[in-house]
Amino acid sequence: MLVVMKKNATDEQVIAVVRAIEKLGYKAHPLPGTMRTAIGITGNRDAVDATHFETLPGVAETVRVSKPYKLITLDLKTEKTVVRVGDAAIGGDELAIIAGPCAVESREQTLTIAAAVRKSGARFFRGGAFKPRTSPYAFQGLGESGLQILAEVRETFGLMIVTEAMDETGVDLVERYGDILQIGARNMQNFTLLRRAGRSALPVLLKRGLSATLEEWLLAAEYVMAEGNYNVILCERGVRTFAQHTRNTLDLAAIPEVRRLSHLPVVVDPSHGTGRKHMVTPLARASVAAGADGLIIEVHDQPEHALCDGVQALRLEQYEELVHQVHAIHEALAPRSVSS
Amino acid sequence: MLVVMKKNATDEQVIAVVRAIEKLGYKAHPLPGTMRTAIGITGNRDAVDATHFETLPGVAETVRVSKPYKLITLDLKTEKTVVRVGDAAIGGDELAIIAGPCAVESREQTLTIAAAVRKSGARFFRGGAFKPRTSPYAFQGLGESGLQILAEVRETFGLMIVTEAMDETGVDLVERYGDILQIGARNMQNFTLLRRAGRSALPVLLKRGLSATLEEWLLAAEYVMAEGNYNVILCERGVRTFAQHTRNTLDLAAIPEVRRLSHLPVVVDPSHGTGRKHMVTPLARASVAAGADGLIIEVHDQPEHALCDGVQALRLEQYEELVHQVHAIHEALAPRSVSS
Amino acid sequence: MLVVMKKNATDEQVIAVVRAIEKLGYKAHPLPGTMRTAIGITGNRDAVDATHFETLPGVAETVRVSKPYKLITLDLKTEKTVVRVGDAAIGGDELAIIAGPCAVESREQTLTIAAAVRKSGARFFRGGAFKPRTSPYAFQGLGESGLQILAEVRETFGLMIVTEAMDETGVDLVERYGDILQIGARNMQNFTLLRRAGRSALPVLLKRGLSATLEEWLLAAEYVMAEGNYNVILCERGVRTFAQHTRNTLDLAAIPEVRRLSHLPVVVDPSHGTGRKHMVTPLARASVAAGADGLIIEVHDQPEHALCDGVQALRLEQYEELVHQVHAIHEALAPRSVSS
Amino acid sequence: MLVVMKKNATDEQVIAVVRAIEKLGYKAHPLPGTMRTAIGITGNRDAVDATHFETLPGVAETVRVSKPYKLITLDLKTEKTVVRVGDAAIGGDELAIIAGPCAVESREQTLTIAAAVRKSGARFFRGGAFKPRTSPYAFQGLGESGLQILAEVRETFGLMIVTEAMDETGVDLVERYGDILQIGARNMQNFTLLRRAGRSALPVLLKRGLSATLEEWLLAAEYVMAEGNYNVILCERGVRTFAQHTRNTLDLAAIPEVRRLSHLPVVVDPSHGTGRKHMVTPLARASVAAGADGLIIEVHDQPEHALCDGVQALRLEQYEELVHQVHAIHEALAPRSVSS
């Protein structure tokens, strides 16, 4: 169930409805929009009785939700969510570019790349301190000392830090050093981690699982939001198919489908989504043309010496060219709705 | 093996090499480029002895081919092939738009749609007279009378006709009425049909099979070219995956990979590639941004009454808006190489 | 629509109903069962009017068909179809074993393998004279001279010949030399070929396409049956997935699902279904345990010199051991229904 | 690197090698076999210098490992690992049957089903107290009180308890109440959880991820073993494909491939692997025929009222019939190697 407030409902009226919901033992999720506020209700086992709310001051109507989603849905909030981090944003008019190395390898490597990322005009820096690796014998990341290097990047360059946590302890650390908490594809259905992310003050960038359906992905976002964290950014990063010319198959049809169902912003990772350098720029262009709110790009000053995923990382000059091209597309579509 | 001619080799020298190849019982495939002509050799069971050609006048070098491809490959021809049909072309600087209904249903429906397609500036008209249908009890197309309607479209509107044949008899008919012969996804490995297409004077639009690897698709093109027809247009139309929000998963990474390996032009069919109306325009934009040479779009004046695939056909005004948007992207990328 | 005859309906009554159906311009498909005969109706564009048949002598009832299937379905025929070829059968109590080389390579090779197949107790011999090959430059089969060798196998060893045709001309030839006409996976939706097979007097072994859903596969069988050929044997041969340890992923769940929907017999090809020698015997055992009516096994006297698919062909002694093991399983399940 | 001891090497000699390995800062993994003990080495960043060990008493040879695996591999241990739990075992001559409800719902339900499982001769009971659910709004399991009910099942019926943990806290609890720790498909690459399981005294049943390659699955087992827990049981439970007639596609080719590479036992879950009741028994038979060491079967006294996955749970009498059939197959194959 969701409770839709009147356009002119006061903050006090919204609070009164929230309290009425909580009094019944449920959780209230007020999501303000430009036209009206709606309040989602979770935590109920059985159907919620609408008569508790219908006559409260400021309530326009109550809506029964028949879909599996309660919070990610356009029924609750009709405008796209803009996730703000400092003075930067994801989901607004500007194209968000998140760039950096796969893994933080050293202070020097990280600062070199960060300088180029800053110069390109990007507002977000990515880099892993905790790396989920298929083999226990592969490089697993620098851990907390990697996060400290990332914090230095923020202070030096003013870039917002996007970095992954693989478990609850990792979230504690990312909260100390980072700006956006990344949940990786392999952990998209690590429900304990999702719930912990839902109790974080940081926005969450939620990668789609390797073989996740759209419904599973959106319900993973729902896990985060049900705990009270509404700043979720979805990230398409390719799915696993029979195809062998590309590491994963980037599913750009996910973008219009997310738009059809949800108010959450969606970004694309063409680096993991293809896994091959010569495909990254064409697919970055395609992602923006399809209506993505942003891109995550792997860039490295020396891809041939990268400790992780060097085969897909762009050189600095390739990255600059990519930024140039995607902005040209973003501008070409600007006067009209890019999400059709 | 391929024989590379010198830049200034004469036509007579090329012909002499072709004759030398044929004298050994092989088939010669001379493909002229702007810089030089190279001649592919097929039909050999064992390795070809290079000494037969190396000393012929005009020969620059002979190259042993270790890849599975002999004719689709950039080794043979470094410039992209431009397929010319009348004064229209696919693979050149202009974006090729092929639009029309899934099936030719009636003269009136077809001419109405054709008028709108012409008005949009497209040069190619699509429409099926022979429809491969999953069920034997579904509408199978109008057959030859459908082709006659398509011929009328060409005469009335000057649109080039792209239409499918499902067997050798069908190719005979398409040769009589059409301009480009389409091989459908289900027939991508119908080798008898591919060979027949290879003996046709019409260019061939070869759709990728539902679960075809890139290698299988390119080797299907190789079947056509090995018979002597070098005007092949590849068409990505989505592959089958676990995803359920889209009918097929459009694999745009195929575009840069085709570019990396082949001189053949590649177009995209976002209508079949998504199967859902609200995805067609975003994915059309993405295809062009990824570097496609053209698009195939299903458009219908009354999608709700279409005899075939109405759920994915755009209305006329939606189609016009699509054309507007994809041209904006094509122009934004024009000064620079769209294929990165 | 289908017309169910009374248990004691006479042949004349069945013929009268068939004529009444044909008089309306439809096609009648009488399928006799042990308990009763039912008659399927195809060729209608709109719903068939039941009142034409309900009062005819011998008619028990008419049944409207809401599923996409009219002829493969248990609604039409409740007992499993047993396809008889000479004194051998597929679909009965005995496990049918179809064995032989991928391709007929020479008379000597073929007769050597045939002797071993005969000795093992198998009743069917497989071997391709027309080979669908991914590359136009690979060995394409011996053609008619290969079929002549197969005919010699039948005469010498009394084995029934199962062999593939890739086009209508090929069907003409297989009808002259073979006993069961195989339609390969790549041609599962070559509808022209399916219709031609439907007009053949030979039983048809219809392989499942690489990415065919069960519905598409059963509707391909429906194409054959709609032309009047009811002797269709389904063959599961693995589907294409992301898995790389096996060439295809054998989908044994198809067996109980075919049983749930259809009266047609189903056999399994673990050789193509796995593509790797060490998997063939375990998966052959699994197929029989899951309820398959038979197996198609590639066997070669010298797999390391095979012109086609040697990597998956069993040696003669491995094949004999396989036959031993699958019979042990078939017997263990004999007293009870193997299809659960 | 692995160090192979001589057949007659003493325990003291093995311990001396272990100490020499640890002295270099590496981790030693001695795995005794019937013929000889071999010792795997992990924790090295660079290649290990063999000269440290080659001259130690009792050492037969050192072997450099070029595969990605160090511990799951037949190179380290040639005999199949038998995981013993009390007087029951998985991986030995007996077929292991693990049966029970998807979720522990109540004491009464659980004890009713456990009585039937015990009566069938099974030695293991499954049931979830922590349920990974796609939606945050679905039943999530009874938690610790569910584990207490499972402990009562063990005491009452002598069944060994197999139950899932989803995070480190969950492992603590399963260690208190259970016998085998299950890692679910969604958590197959939750590396924090895998490492925690590697430090547990309980055997680990590791389900294959929904789209895990065989290499990823085996490397997940390697994560557990690298921490010192060598009692890992692999569980094939179906992978995600385009197929829609079955919830997942059971990949039985995984069984011979695991056998080819690894000494670990492998069981199959045909309940999740198909998701449809009428497929469970045929695929259970197939799994045993393919060489599985055991089965996990969902059984419920009232599937129509199950809180979780009722559509795939067998009724008690269906389960009994399944046990009867799979034993018939296991016995039929007994005198010969079932893994060929």
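Letters A, B, C and D mark the chains as written, and numbering starts fresh at 1 in each.
In this text, a contact is a pair of C-beta atoms (placed from the backbone, for glycine too) under 8 Å apart; a residue touches a chain by one contact, two chains touch by 3 or more.
Every value quoted in this text rests on a predicted model; they were computed, and no experiment measured them.
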Which of C-D and A-D has more C-beta contact pairs: C-D
Repeat of interface A-B, chosen from C-D, A-C or B-D - more than half of residue-number contact pairs shared: C-D
Distance from subunit D to subunit C - Cα centre to Cα centre, in angstrom: 38
Per-residue multi-chain contacts in subunit A, two or more chains: 211, 240-242
Residues of subunit A that touch subunit D when the two form their complex: 42, 68, 70, 132-137, 166-168, 186-187, 189-192, 210-211, 215-216, 219, 222-223, 226, 240
Contacting residues of subunit A [partner subunit C, same complex]: 240-242
Residue numbers on subunit C that touch subunit D, as the complex places them: 211, 213-214, 239, 241-246, 249-257, 260, 273-274, 276, 278-279, 281-283, 285-291, 321, 325, 328-329, 331-333, 336, 339-340
